[in-house]
Amino acid sequence: MVPRYTRPAMEAIWAPANRYRIWFEIEALATEAMAQFGDVPAESAAAIRRNGDAAMAAFSDADLARIDAIEAETRHDVIAFLTWLAEKIGPDSRFVHLGMTSSDVLDTCFAVQLTQAADLLLADLDEVLAALKRRAFEHKYTLTIGRSHAIHAEPTSFGLKLAGHYAEFDRNRARLIQARAEIATCAISGAVGTFAHVDPRVEGFVAERLGLQPEPVSTQVIPRDRHAAFFCTLAVIASGVERLAVEVRHLQRSEVREAEEFFHPGQKGSSAMPHKRNPVLSENLTGLARLVRSHAVPALENVALWHERDISHSSVERNIGPDATIGLDFALARLAGMMEKLVIYPERMLANLESLGGVVHSGEVLLELARSGISREDAYRIVQRNAMATWTRLAEADGRSFRDNLNADPEVADKVSAESLDRAMDSMRHLAALDSSYRRVFGEPGPAAP
Amino acid sequence: MVPRYTRPAMEAIWAPANRYRIWFEIEALATEAMAQFGDVPAESAAAIRRNGDAAMAAFSDADLARIDAIEAETRHDVIAFLTWLAEKIGPDSRFVHLGMTSSDVLDTCFAVQLTQAADLLLADLDEVLAALKRRAFEHKYTLTIGRSHAIHAEPTSFGLKLAGHYAEFDRNRARLIQARAEIATCAISGAVGTFAHVDPRVEGFVAERLGLQPEPVSTQVIPRDRHAAFFCTLAVIASGVERLAVEVRHLQRSEVREAEEFFHPGQKGSSAMPHKRNPVLSENLTGLARLVRSHAVPALENVALWHERDISHSSVERNIGPDATIGLDFALARLAGMMEKLVIYPERMLANLESLGGVVHSGEVLLELARSGISREDAYRIVQRNAMATWTRLAEADGRSFRDNLNADPEVADKVSAESLDRAMDSMRHLAALDSSYRRVFGEPGPAAP
Amino acid sequence: MVPRYTRPAMEAIWAPANRYRIWFEIEALATEAMAQFGDVPAESAAAIRRNGDAAMAAFSDADLARIDAIEAETRHDVIAFLTWLAEKIGPDSRFVHLGMTSSDVLDTCFAVQLTQAADLLLADLDEVLAALKRRAFEHKYTLTIGRSHAIHAEPTSFGLKLAGHYAEFDRNRARLIQARAEIATCAISGAVGTFAHVDPRVEGFVAERLGLQPEPVSTQVIPRDRHAAFFCTLAVIASGVERLAVEVRHLQRSEVREAEEFFHPGQKGSSAMPHKRNPVLSENLTGLARLVRSHAVPALENVALWHERDISHSSVERNIGPDATIGLDFALARLAGMMEKLVIYPERMLANLESLGGVVHSGEVLLELARSGISREDAYRIVQRNAMATWTRLAEADGRSFRDNLNADPEVADKVSAESLDRAMDSMRHLAALDSSYRRVFGEPGPAAP
Amino acid sequence: MVPRYTRPAMEAIWAPANRYRIWFEIEALATEAMAQFGDVPAESAAAIRRNGDAAMAAFSDADLARIDAIEAETRHDVIAFLTWLAEKIGPDSRFVHLGMTSSDVLDTCFAVQLTQAADLLLADLDEVLAALKRRAFEHKYTLTIGRSHAIHAEPTSFGLKLAGHYAEFDRNRARLIQARAEIATCAISGAVGTFAHVDPRVEGFVAERLGLQPEPVSTQVIPRDRHAAFFCTLAVIASGVERLAVEVRHLQRSEVREAEEFFHPGQKGSSAMPHKRNPVLSENLTGLARLVRSHAVPALENVALWHERDISHSSVERNIGPDATIGLDFALARLAGMMEKLVIYPERMLANLESLGGVVHSGEVLLELARSGISREDAYRIVQRNAMATWTRLAEADGRSFRDNLNADPEVADKVSAESLDRAMDSMRHLAALDSSYRRVFGEPGPAAP
């Protein structure tokens, strides 16, 4: 992920220093476990912990360079790290990594990194949820037109619109918790997972200290269906980001102008057209969603490793591990800020709602006619005729509103009273069930009607 | 999905007759609910149920043709169905679909179909799990070589190999239960989800009868993040199918021949080469996995519908709904049968295990040397030297086994006793932890050692 | 692909009858070639051709059933066909398929089917191109607002908009011709491609008769990079369909209403809201584009077959072969019809163009100020200030147009004359280069200015 | 793309310094064109070129920091660059970017970067082709078993195997040249592509100097179908990399051992198992192929931008531009080196070929029987029976070869002479057509038979 879309806390998780810190922690914990179960002298385990902690505390670019230099020769990253570590620890280092295989370290480390990343993403989601809830409460009674097919359908509440997105992000939060559990496992089971050289209790010890579960059957590697499920979950969340971003882009378009991303003083929308204020944040989120989604495909292709393992997943994960989590972290943080500061124009919403001459109430008028005893088919024909007559002549000087047309239509006037039409064409009726919907989403009804 | 990969029970879920049956059920239940809450005369609801049930019971190709004919004019599938239904029900039909919108029917129906499909898939998974458990128990103590990078690593148990796949399919089962819950929701909330024309209790009534949950916020449609999560789960499961299929393909290859798909009497492997017995089932499963996986991408793209809804998801779902579930149903059933009947060659496994002259025990020999006080680096060098000398001269007349080489190496002989080497090079040590691993996977240790 | 999106001509290409017809043609041609080169008696080749042609001409459902029955036993589709064919041809049948392998028939047949499909798609593209050209010429001088970020940018011509889509479909046409050439190859090279049992001249003979090129190196199969390139090309074309579909969806949205899909008499837009006229065709095209695009992923995964071939590609291609071509055929035909009949509202375009009080001319005003000697940075500040003042107060009673604001701004009035501002704010200046653009796209300037 | 998989020359193309160098070149060329066509004073254009060239030549990290600082305020990258450039150029800077829009610079720059990247990739492909040709010539007459379904099929030449991959990479080379042409276009057409503020001849001038074609219709942006086609082509090439990588992984597996990646002195295959030599390069290539392939999906999703443009493609391209080209560059270079140094074991190939007791000649024996007058069906049955009897008892002490079985079968002996069987079972017959195949691929027959 390019620096432009990288936030420091998530970047730090994927930095070499964090990786080596986790590698050492796994090795140190494993040695301590072996000491406890009798395979390693206690004083050696203590020395490894003491000297290793000191080395990690003092870890610098020089250490990075040293490890890289060793890897250039051995062509094996874990061996390079262990060789460097041995230089720091001294003779006791021969008890490090005893009976373990590289992937015990690599896969358990990846699990720790992914749980760290998931925790940041959960915090991001909380920010998004907080912003959405605040705005949903603020605009619970803000009338706006609901649109299906991007065509005016019936009135709704702008707050309810946001509540729907809140509900989706709430689901995404639950999915991410589930996905975090998927990848939070530990493997210290040896070359092909038979525990031939290491006591299974070591795995249990390390897992518990790291907040992980032991992997039921690891075969050098933790099985990759877990990671596929994890990256698919990120893809679903990213798609939720896109849905809200697309909503904002629509609301800001020149002909709608119901909401607008905050435009900073000094900001320039276009080098050529000084009048421009573009929804660049939400457009950017749309693209980031495509990126995060794209990582699901290779993650799925990674599942079918050969036999006990092959290493084809590695180059994929070295990239999508950081890219997907950094990209989604940035997207969620940007989304939260964007929604927090979104400029909302209730008057414009009302103007748009009313711009089609009242035809948006055709559904309830249809029901009134049906209630009066007209067959559904006839009622439909009558209402459609009057609605279309309004819509298609909106721009004309003698354009008549839907109500005008209904009033003038004898098939209507005979059957439905003016009071009934008034009721049918009152937008407020669409706000009547808000408390119930809010209770479903937020567990509370939200503010009372003004 | 082409007929070749379609099983009847899953096909029936997606047949028009089942769809119309569910549509009617939703309409009938909704009318009954409205009758209960006072909006519809009880006798009308009863008549709708009675006449509709009769019409659905007698549903024939003539009805299909009639509905198609109406749709050709109205260009709207639900209106076509309702018109046909009105012909069957008579005057009471004006109480059908009252205050509802087409998507209330369409989306709730899709939820019912997907839960039906998920139930079939869960039964398929149970078949796969049963086959894997049986074979894993049967071959708990069948020695085989574990392979990393497709290179012999260390011995393992063929049963443990299968146990690992069992554990993955067990996770897949849990994921599918979760995914089923994701899409098991009901929406009867009107044109943009405000319940302006329908009592929210109607939704609750219908949901409960259909075994669904009310959707917290539907906006004409049930939000598509649910479906994206569902199809992503199918993609993860398909990838698990592929992993096992690829394992079988490897095991059957001519140079390995450790297992073989059952070859039917009369079967022909090749039109040109009568000697051929090809792993065509597992190759077929590999391709089917690619197909099912591919459906995740458009499902994810379906999430970001415009405003309260657009209908772009529809053409996607008309295809991937059937295709993904039919494809995975076929794949799982084929996989279960294939594993049930897989011909397994334990002698060949043993022969392969031993074919590299014992170098597969290099890891434990390394540990023995390390235990003797040699530094890890030196021990590695010594063992690597002796192992490579064996491996690279395997085909030669004077090729010596790894043990021969170790015996002849003074750096080894001085440090490690013959008994220790015997112990280190005993494949059975890799079977010692099987009870523990089986207990993790199956909740029981499996058969005792023979 | 579900019947709803299937057109008969494309469906016929993928029907079993067409497949068997092509299989027979390949076998018959190969036998004729072998007769010519001396491996098969001429009278046998003639008998095969004669009896086979008769059998194919009389091909019925009974033949299909017979072939299926044989395949149920042999589990091999080509052998089943050859057995049926032998029943029809008699003793000479032993010269059929001589030295050939099933894939010689299967892969060459797939090449023929894909070229047939490509030819239909090319004809579809021609329809799209014709419709776009007609409408682009019709609306060459129809002023409309150009939008970047969905925000009004500067005026443009509606015809030029369509010309841009024409240019894209013209590129798509060229790509499809290229992709057709990619897959138009023939393989009759035997079990692993060594021509050990068949004269290479047979391949040349058959290829030439079928309008194909011999595959340089086939290894039982034609290499799948060709097919991957083909399906990727369909994905690119589908994305072009989506781009135009999304444009129409935007133009039809209630707040824009600049164009509208043709609404049939009797058509109903919504079961609940009689006023609705939805852009359902373009939404449908958006979904179909997602589907066709999704087939690129498994086609790419099909490339890396094992060794000389495995058969994992087969289940993928049995589906995506028909699905992608049928889906795209339907989409292109629908798109052509939709564009042909699209209802276009030039007055509404003009009204929208003018709805932002003239700020859409900010770019040229900026240039005028720059030409007057003001620095670019100062000019930008001045223009932005006046444009924003208009835009943000559009709805207010005292809202002043951009020109009003400029006139009242001393920093402008001192520098730029009223005449210059008139010129800068004349939308017609944006139509001046149309002849040049049309010439690039259509090879002719199109109609003269009215 | 992580540094591990990044080569300097490709990295430099995507570095900010190169981007700003190209941006300046576009601006300078455009100003020179405007000077030529009379819109800008010649001395100003000369000053811009002179001062700008000096600034770019002296471009340092301080300049990067300055541009970043301006962007932090303006939130617009091109404006930030132009402001910095104005500081360097002085008063003449007001003629820079005159009548242009940011995307004129951005999109034309992206085109230049992609052509630069394509040129590096073409050079990489030439390396791959050279290595494959050399090894294909070297091993033209190296007998090896051809495998379909990973089951021994018939003998072939190892050189022919490589020739097939050569042919695929040759196609990939042609595709990349085509894809390079796709994206080598220039847009300098203003805010929505009407040339309202800039002379179309400026675009022609700049395009020609940069080695690009003018884009027929750009609408602020160059249409993204071009880029989709480009990234799809990279995906096809990556899949070809995977196909060859998978072949090498199979050849190196312990049971096959026909080829091996070069193993460096000092290299360590596993931290736990000193005997290991793993095909880590080809496994790595497999993963890189998944990554590069994954970029096609968001590139396709980028096509359907809204109206004249939205900016959602930008965040995608900032990542996949570098990632896909850097990843493929690394993969191709690694592949070329790997194939160049691949250790090939002809004796092992021969041993494997013969390991199935001669059944791999069943096809030609079948033909011999058929030639003798036995019906195809009977011949198949006879050969299958004898081949299976060999295969399934290969490991047994009394296992008889296919030839033994045929000799003992009266249905064979009566019909086919021993000489005919000798001929039929001679592997060399599979090398007879090599000259012809090589000529198709390389344009020359390659070395003569030894």
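The letters A, B, C and D name the chains in turn, as written, and every chain counts its residues from 1.
By definition in this document, a contact is a pair of C-beta atoms (placed from the backbone, for glycine too) under 8 Å apart; a residue touches a chain by one contact, two chains touch by 3 or more.
Since the structure is predicted, the reported quantities are computational estimates derived from the model, not experimental observations.
**Student:** Under the touch criterion given at the top, what is the topological distance in steps from chain B to chain D?
**Tutor:** Each step joins two touching chains, and the minimum needed here is 1.
**Student:** More contacting C-beta pairs: C-D or B-C?
**Tutor:** Ranking B-C and C-D by C-beta contacts puts C-D first.
**Student:** CA centre of chain B versus CA centre of chain C: separation in Å?
**Tutor:** Result: the chain centres lie 33 Å from each other.
**Student:** I'd like to verify one number: the distance from the centre of chain C to the centre of chain D, where each centre is the average of its C-alpha atoms, in whole angstrom.
**Tutor:** So the centre of chain C lies 25 Å away from the centre of chain D.
**Student:** Taking each residue of chain C in turn, which ones touch at least two of the other chains?
**Tutor:** In chain C, the residues touching two or more other chains are 82, 97, 99, 101, 147-150, 153-154, 190-191, 197, 249-250, 268-270, 272-273, 278, 280, 283, 286, 293, 297, 301, 306, 310-311, 363.
**Student:** Chain contact graph: line, ring, star, complete or other?
**Tutor:** Topology of the interface graph: complete, with all chain pairs in contact.
**Student:** Considering only the defined contacts, which chain B positions touch chain A in the complex?
**Tutor:** Residues 82-83, 86, 93-94, 96-99, 101, 146-150, 153-157, 160-161, 163-164, 167-168, 171-172, 175, 178, 182, 190-197, 200, 214, 216-217, 219-220, 223, 225-226, 228-229, 232-233, 235-236, 239-240, 242-243, 245-247, 250, 286, 289, 293, 296-297, 300-301, 303-311, 363-364, 367, 370, 375-377, 429-434, 436-437, 440-441.
**Student:** Chain C touches which residues of chain A in the complex?
**Tutor:** 145, 147-154, 249-250, 252-256, 268-270, 272-280, 283, 297, 301, 347-348, 351-352, 355-356, 359-360, 362-363, 366, 380, 383-384, 387-388, 390-391, 395, 402
**Student:** Quick check on the complex: what are the chain A residues that touch chain D?
**Tutor:** 1-2, 4-5, 73-76, 78-79, 82, 97, 99-102, 190-191, 197, 249, 264, 266-273, 278, 280, 283-284, 286-288, 290-291, 293-295, 297-298, 301-302, 306, 310-316, 318-320, 322-323
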